[in-house]
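Going in written order, the chains are labelled A, B, C and D, and every chain counts its residues from 1.
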C-alpha cells in the first residue's frame, strides 16, 4: 500500500515493504535491481529523464546536449546580414549597467564633420572578468547585445580574452539560429530601430568590418 | 646443499637474536613490538627449516597474526606511553643482565660443550616414493591430539575459554547508559509516536 | 636437509633467545615490555621442543603437540596479560610497573 | 620444469650444476612469473571494477585512454609514479616506509599456494590452506604500522577499524574452511581441488559419477553454508563494500592510507586489489572447483602419452580458474553497487553473533558428512558399510541439510529477537514506514 505524502518540493512516496518471505529477500531484490541496470546499460542510451535505466552520460567532446534558447554565456554584438549594419548605436547604456564594468565603448565621430555618429568605433568586453549576468542584453534598447551559446573559451593566452568589436560581431542569422523564438519576438522592433539608426549614419561608418567591401554602403543622406 | 642450509640457518638465527635484542633495548615500545614480530616470524622460518610445517604456520597465524595485533592494540589503547625519551629499564637493570648472562652460561656450557648428543645418522634423501615419511605430518598431529593427548587438548581449550572470559571481565567497562544512534527514518518514527502519545 | 645443522646450534640460539627474554622480563619497566619478554621466552622453549623432536624422534608427533599447547597457552596469557595492562592503565594512568606499588608493605 | 632446467644447464651447457641450483632457478622462475601476474591482475582489476560499477550506475566509466579505456590503469600508474612522495614531518619515517612492504608482501605470498591448474601449484605442501590465511593476517600488522606511523588521527582510527574487522572476520572465514577440511580430509589446497571432480557429487564420495569436473563442494549443504559464510567474511577481510568501514572515505578520509601519497599509496592500493583477487581465487578454488571443469581431467589423462595434451589441460584449467575468479570479483563489485556501508556495531554483530555460531554448527554437520561417507567398522559404525555409496551420500546430504537449515533458522530467530530489546522497527500499516513500539 503506497500513500503519497505531500512535502514542500514535490512528493515522497514511501513504499510498503511487506515482511520478507525468507532471509535476505530484500538484499536479493536490491542486487536484482543493480544487475538490471547493468544489463540495460548495454542497451539504447537514455534519451529523456523519464527513463530510469540506460546510460545517461553525454560523452562531451563528441556529444553535446542541446542548449535551451534562454541559455546565456557571454555577450556578443549583432549586425544585419544583408546590409552589414551594426545594430549598436553606442548609447553607452550597457557600459553603465555592467556590474563588473568590463564594457568599454568609444563613440564614432564623423571624420568630415566631427559630429557623433550612431555607431561604435570600438567596443571592448573583457571576457575574462565578465560574469555573464546578461544585464547588458536586457538593457540594450536596440537589441544589439545578445548572449552567446558558445562556452568553450578556455585558453592559455589571457590577453586574447579581451574581445574587441571585430571579435564580438556576429550576423543576425547566427543569433536567429540560436534563439529563433526570441528573435521572432524582437525582430520587427529591432529592424525598425536599425532603419532609423542607419538614416543617421554615413558612408562605411557602422558597417561591420568583415562586411566592408561586400555590401554597398547606404546612400549618403542628403546634406541639410 | 649443506652449505646453503647452514647459511640459511645462520641468517635466520641472526635475525632472531638481533630482533630479540632490539625488543629488550629500544625505547619506543611500538618499535619493540614490531621487532618482536620480526623475531616471531624468523622463529617461524626456523620451524620451516626444521620441517615442522604445521607449527610454523600456526606460529605465523597465532603469534604474528593475533598476539602481535593484541600487543599493538594494548599499546595504542594505553595512550601517551610509547615511552620515547624516558628510561625504559629499571634502575637496577644490570642485575637482570647479570642473571640472564649467568643463566646463558649455565645452560650452554653443560649442554653444548659437555653433552654428547646421540643423534642418529642423517636419513637418506633419495628414497622411493612410497617410503615411510621421515617426519610426522599434520594428520599425525591431529591423531595424537585426538588419542594420547586428548586430555591436554581439552584442558587447553578450557584454558582458552577461561582466558577469553577473564580478559573480557578484566577489561569490561560498565557504561552508565547505552546510546543508540537512530537513523533518520527511525527518529522520525519515534517523533511521530511521541507526538501521538501527547495527543492522547 | 636440516641434518646439515647440528642440534647444538639450534639449542644455542634457543638459549640465547630465552636469556634475552628473561632480561627483558626482569628489567623492563613497561608492563607490555615485560609481556614481550615472556613471549620471547616461550618462543625459545618452543624452538627447543621442535628441535629435539626433529632430531631425536621425528616420527612421533609429541614435539609439535607440545609446542602447539605452549602456543595456545601463550595466546591465552597474552590476552589476559594485556587485558590486565589495560585495567592497570585505567586505574593508574600508567603502565610502568614500578609506580604501581599499592601492595607494597 | 626441473627436467628442462636440468637439461639446459647440465646437458646443453655442461655446467655440472648441483641439484639445489636447479631447484633455486626453478623457484626463482616461478616467483618471477607470479610477481609479473600480480601487477597485471591489479591493473586489470581496477579497470574491470571501474567499468562494471559505472555500468551499474548508468555511467560509462573510463573509456578515453586506448580502445574503450583499456590503457587507463597504465595512465593511472604513470600518474602514481610521477607524484610527489610526501612524508609527514612528525611521522615515524622508517615505519612509515616499511608499512608498505609489510602490507604488500603477504598478499603476494597468498598467490603462491594457489593451484592455478592441474599440477600447477607453485608451492604445494600439506598445510597450504592454513598458510594462505595465516599469511593474509600478517598484512594487518602493516596496516597498524601505516596507521600509527603517519601520526594522524584518521589513519590511526582507520587502522584500528581495519584490524578489528580483519581479526573478527578471520574466525568465521577459517572456521567455514575447516568444514571443507573435514569433508575432504586434507589441508592442502591442491588436494581439495583434486577432490572436486565429478558431477554434483564428487568422486571421493561417489566413485561412479562421470568426471566432468563439476563435483564442487558448493553442491553439498555443508559446502553451500560454508560458501555463504566464507564469502561474507572474504568481503569483510578484503575491505569491500558493505564492509569498507576502515577506509570509509565519507567518514575518515582514506583510513590508514591517509598519510600516504604517490607510489606508497599505490602500494596499498595494489595490496588491496591483490588481496581481493586472492580471496576471489580461493573462493573459486575451494567451493567452485578451482581449475576443475569439463574436459580438464580427460585432457590431463591423455597427457600421459602426449605432453601437448597436458599443456592444453593446464591452459584450460587456468582459464576455468580465471573465469570463476573474475565472476567472483564481478559479484564483489555487484554487491558494492547494491548495498550501503554497514555500521561498525552491525558489522561486529553480524560476525560474532551470526556467522561464528553458524560456522560452528557447519563444522558439526561436516563431521556428520565425513562420518556418513568415510567411516565404517573401524570407527565402530559397522552398520554404515552395509549401505551402498549412493545411500550413504543421500543420508549425509539429507541429514546435513536438515541440521544446517535448522541452525540457520534458529540463528535468524535468535538474532531478530535479540534486536527486540533494542528499539525495534515495526511496519506501520498506514504509512508503510517504520515506527518504534
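Please note the rule applied: a contact is a pair of C-beta atoms (placed from the backbone, for glycine too) under 8 Å apart; a residue touches a chain by one contact, two chains touch by 3 or more.
These figures come from a predicted structure and were not determined experimentally.
Novice: Identify the chains adjacent to both chain A and chain D in the sense defined at the top.
Specialist: Under the touch definition, chain A and chain D have no mutual neighbours whatsoever.
Novice: Greatest Cα-centroid separation from chain C: which chain?
Specialist: Of all the other chains, the one whose centre lies farthest from chain C is A.
Novice: Could you state the distance in Å from the CA-based centre of chain B to that of chain C?
Specialist: 9
Novice: Go ahead and note the Å separation of the Cα centroids belonging to chain A and chain B.
Specialist: Computed from C-alpha means, the inter-chain centre distance equals 71 Å.
Novice: So the centre of each chain is just the mean of its C-alpha atoms; given that, what is the distance between chain C and chain D in Å?
Specialist: The answer is 33 Å.
Novice: What is the distance, in whole Å, between the centres of chain B and chain D, each centre taken as the mean of its C-alpha atoms?
Specialist: Once rounded, the distance between the two centres reads 24 Å.
Novice: Where does chain D touch two or more other chains at once, residue-wise?
Specialist: Residues 433.
Novice: Mind pulling the residue numbers of chain A that touch at least two other chains?
Specialist: Residues of chain A touching two or more partner chains: there are none.
Novice: Counting only residues that touch at least 2 other chains, which ones in chain B make the list?
Specialist: In chain B, 1, 54, 58, 66, 73 touch at least two other chains.
Novice: Indicate which of the five shapes (line, ring, star, complete, other) describes how the chains touch one another.
Specialist: Graph shape, chains as nodes and touching pairs as edges: a line.
Novice: What is the complete set of touching chain pairs?
Specialist: Every touching chain pair, ordered by label, is A-D, B-C, B-D.
Novice: Per the contact definition, I'd like the list of chain D residues that touch chain A in the complex.
Specialist: 52, 55-60, 63, 334-335, 337-339, 408, 412, 427, 429-433
Novice: Contact residues on chain A for chain D in the complex?
Specialist: Those in contact with chain D are residues 1-3, 5, 14-19, 23, 27, 30-31, 33-35, 37-38, 41-42, 46, 53-57, 59.
Novice: Going by the contact rule at the top, pick out the chain B residues touching chain C in the complex.
Specialist: Within the complex, chain B touches chain C at residues 1-3, 5-6, 9, 13, 16-17, 20-21, 23-24, 29, 32-33, 36, 39-40, 43, 46-47, 49-52, 54-55, 58-59, 62-63, 66-67, 70-71, 73-75, 77-78, 81, 83, 87-90, 92-93, 95-97, 99-101, 103-104, 107-108, 111-112, 117, 119, 122-123, 125, 132, 134-136, 140-141, 143-145, 149, 152-153, 156, 159-160, 162-164, 166-168, 170-171, 173.
Novice: Can you list the chain C residues touching chain B in their complex?
Specialist: 1-13, 15-24, 26-30, 32-33, 35-37, 39-40, 43, 46-47, 50-51, 53-56, 58-65, 67-69, 71-80, 82-87, 89-90, 94-96, 98
Novice: Could you please specify the touching residues of chain D with respect to chain B in the complex?
Specialist: Listed in rising order, the residues are 18-20, 95, 125-127, 130-131, 133-135, 137-138, 140-141, 144-145, 148, 156, 160, 163, 167, 170, 187, 343, 422-423, 425, 428, 433-436.
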